[in-house]
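Have a look at the structure below before the remarks.
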Amino acid sequence: MTTKQFMFVNRKAPYGTIYAWESLEVVLIAAAFEQDVSMAFLDDGVYQLKKGHQTKGIEVKAFEKTFGALEDYDVTKIYVDQESLTERGLTTDDLALPVEVFSRAELGKLMEEQDVVLSF
Amino acid sequence: MTTKQFMFVNRKAPYGTIYAWESLEVVLIAAAFEQDVSMAFLDDGVYQLKKGHQTKGIEVKAFEKTFGALEDYDVTKIYVDQESLTERGLTTDDLALPVEVFSRAELGKLMEEQDVVLSF
Amino acid sequence: MLHIINKSPYDRPAFYSALKTGEGAILLIEDGVYAAAKGGVAEAKLKAATDKFKFYALTADLEARGIADRVVDGVTLVNYAGFVDLVAEYKTNQSWL
Amino acid sequence: MLHIINKSPYDRPAFYSALKTGEGAILLIEDGVYAAAKGGVAEAKLKAATDKFKFYALTADLEARGIADRVVDGVTLVNYAGFVDLVAEYKTNQSWL
Amino acid sequence: MKFAILVNEGPYTHQASDTAFNFAKAVLAQGHEIFRVFFYHDGVNNATRLTTPPQDDRNIVDRWSKLAKTSELDMVVCVAAAQRRGIVDDGEMKRNGKDATNLAPGFRISGLGQLVEAGIQADRLVVFGD
Amino acid sequence: MKFAILVNEGPYTHQASDTAFNFAKAVLAQGHEIFRVFFYHDGVNNATRLTTPPQDDRNIVDRWSKLAKTSELDMVVCVAAAQRRGIVDDGEMKRNGKDATNLAPGFRISGLGQLVEAGIQADRLVVFGD
């Protein structure tokens, strides 16, 4: 099969809407199709990676565990925007999985190299 | 029937979403129920009042005419936030109907006096 | 009056818009609870408004987002019962959608 | 690359976020066209970025919102066919939802 | 005290329906009354009995239906919003020449007047949306 | 050139489906090919045949169905998203023990793999959403 570069751009907070969760389902499928998958988190999307989700009180399924499964699917290119972290008072220590931190301009260059950019 | 003060707070741009239009439907019903109805427009909601909607190109029904019908329903309390207009480069000359312009703090006082505030 | 905010201050103007209306109580729910998290740009805005507003945040939404342990001082945590009590306490409420 | 923006710059950070990525083309559609309206706070931000980005706006969306007659200089108007041509022209596109 | 609740978004996509549901349960647990729950905009999509959410997830439609039954809630779906989005009961099916219904138990379809009436009759109306 | 289109919002509430439809027509008018239109998130709600919009408004579902027919479009609805939101065809009705279907003509329900495949096979994929 043809292999393409798929980037998933996540700019929305988790739980307030389902986009983060349903987006993750596409990521796993793209990985199963052996595509060259990367994920970029910017703006409120960085909150998806914040560790310690306890969703029992809102009775919504937590998906933090699924982030842990990304490595099993060989999804290891997890890019995070530095400015978005800083604006929200977050550092990489707050995040649930290892990431690479980039400036917005560097992320722009990575986006430009993609074949397909899916944003949710 | 009991008469209550109903304020409809409109903070969303028209056409990108249906909220403005479906909100207007509630306003007309509340007026038909002879309630004391007012409408407040702030943030992107002020764009709803911008005159000259030509929606043929997007094939969506325009609702500018319905604003014209508000007076027939005795809905004459149309409040607009000055700061929201200024931020967007709009003046009352740009608007499709006569309005009263208030500061955000004055609008806050008007909200406070209401029995029911419906926001869309 | 009671202002209910369910939007992140980093994604929508709802929180800052409500702050400009003057005074009363602000309840942060859903993605609105990010305004109550320490360390972000929103923290200073919230703190500067504590003389005019009482601030509340829904615990279940803070926990879901992993920020219950970093709530700005001066924000009172409430559960859904507390949410109901706040609505009952104030004659008028408004959701800033 | 082509950045497609469908959100008002006054309601969401999408437009300003896209501007920070560097360079290319930006197509404004739906509520995104408000970024192309003269006189607003967004005008200066758009103008300051014209050395890095080519700006386009969808005519049908400008007309629907009554702002087709006040488009900032330097923004090229396109119809849906022009939208298709832009997508075809750039190898990569991204919708800033 | 008498509460009314307005739900403006559909199930799963936005948290609005979840928050409204948890709020409704708390209203009843606090000994208050719920005059009506009104579903408007995409909120009408909470009223379809055709959903099959994943087994490890909450069933949003079912739990509204159950709460309506156990607490005798009046849950009203706006007819105009329902027509735009395809929520149909027997009457609507006949009137609009459709070949199926999808309204879940405990919901009824009626006009926007029911929302205004809820605003008039209830001591408090709370809006949940996007 | 081969295009693919992803629609992430339902009819009427957001403009996404309108814009996607006008874009799709323009793609075809320009002589390009549409490999697939994929409906995800609330976008699956474009695929219910039970809507009855006001007579002076556009019929979003019908015009997608008609475009599928006249232009032989492959319009795919994500099965997982459809189950959460209550979009059902005959197969889903039987599998999930439902008593009705609501899928409109021209749409088919399938997996997310169809979206990834569209990304691989098409020269361009354009996303319409909120």
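Labels for the chains are A, B, C, D, E and F, by order of writing; each one numbers its residues from 1.
Going forward, contacts are C-beta pairs under 8 Å (C-beta built on N, C-alpha and C of every residue); 3 or more make two chains touch, one makes a residue touch a chain.
Fair warning: this is a prediction, and the values are worked out from it, not measured in the lab.
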When each step joins two chains that touch, the fewest steps from chain A to chain B total 2
If you average the Cα atoms per chain, which one ends up farthest from chain C? F
Relative to chain B, which chain's C-alpha centre is the most remote? A
Centroid from C-alpha atoms only, then distance chain B to chain F, rounded to Å. What do you get? 33
Between the Cα centroids of chain A and chain C the separation in whole angstrom comes to 27
Using Cα averages as centroids, what's the distance between chain A and chain D in whole Å? 26
What are the residues of chain F that contact at least two other chains? 8, 12-13, 15, 19, 22, 41, 54, 80, 127, 129-130
Give the residues of chain A that touch two or more other chains, as numbers and ranges in rising order. 12, 15-16, 18-19, 43, 58, 60, 115-116, 119-120
Multi-partner residues in chain D (2 or more other chains touched) are 6, 10-11, 13, 30-31, 60, 79, 93, 95, 97
Touch-based graph of the chains, sorted into line, ring, star, complete or other: other
Which pairs of chains touch each other? A-C, A-D, A-E, A-F, B-C, B-D, B-E, B-F, C-D, C-E, D-F, E-F
List of chain E residues in touch with chain B within their complex: 6, 8, 40-41, 80-81, 111-113, 115-117, 119-121, 125, 127, 129
Quick one: which bits of chain E touch chain A in the complex? Just the residue numbers, please. 12-15, 18-19, 22, 54, 56-58, 130
In the complex formed with chain E, which residues of chain B make contact? 1-2, 4, 6, 18-19, 22, 25-26, 29-30, 32-33, 35, 115-116, 118-120
Chain A residues within the chain E interface of the complex: 15-19, 58-61
State the interface residues of chain D toward chain A in the complex, per the touch definition above. 1, 13-14, 17, 20-24, 91-97
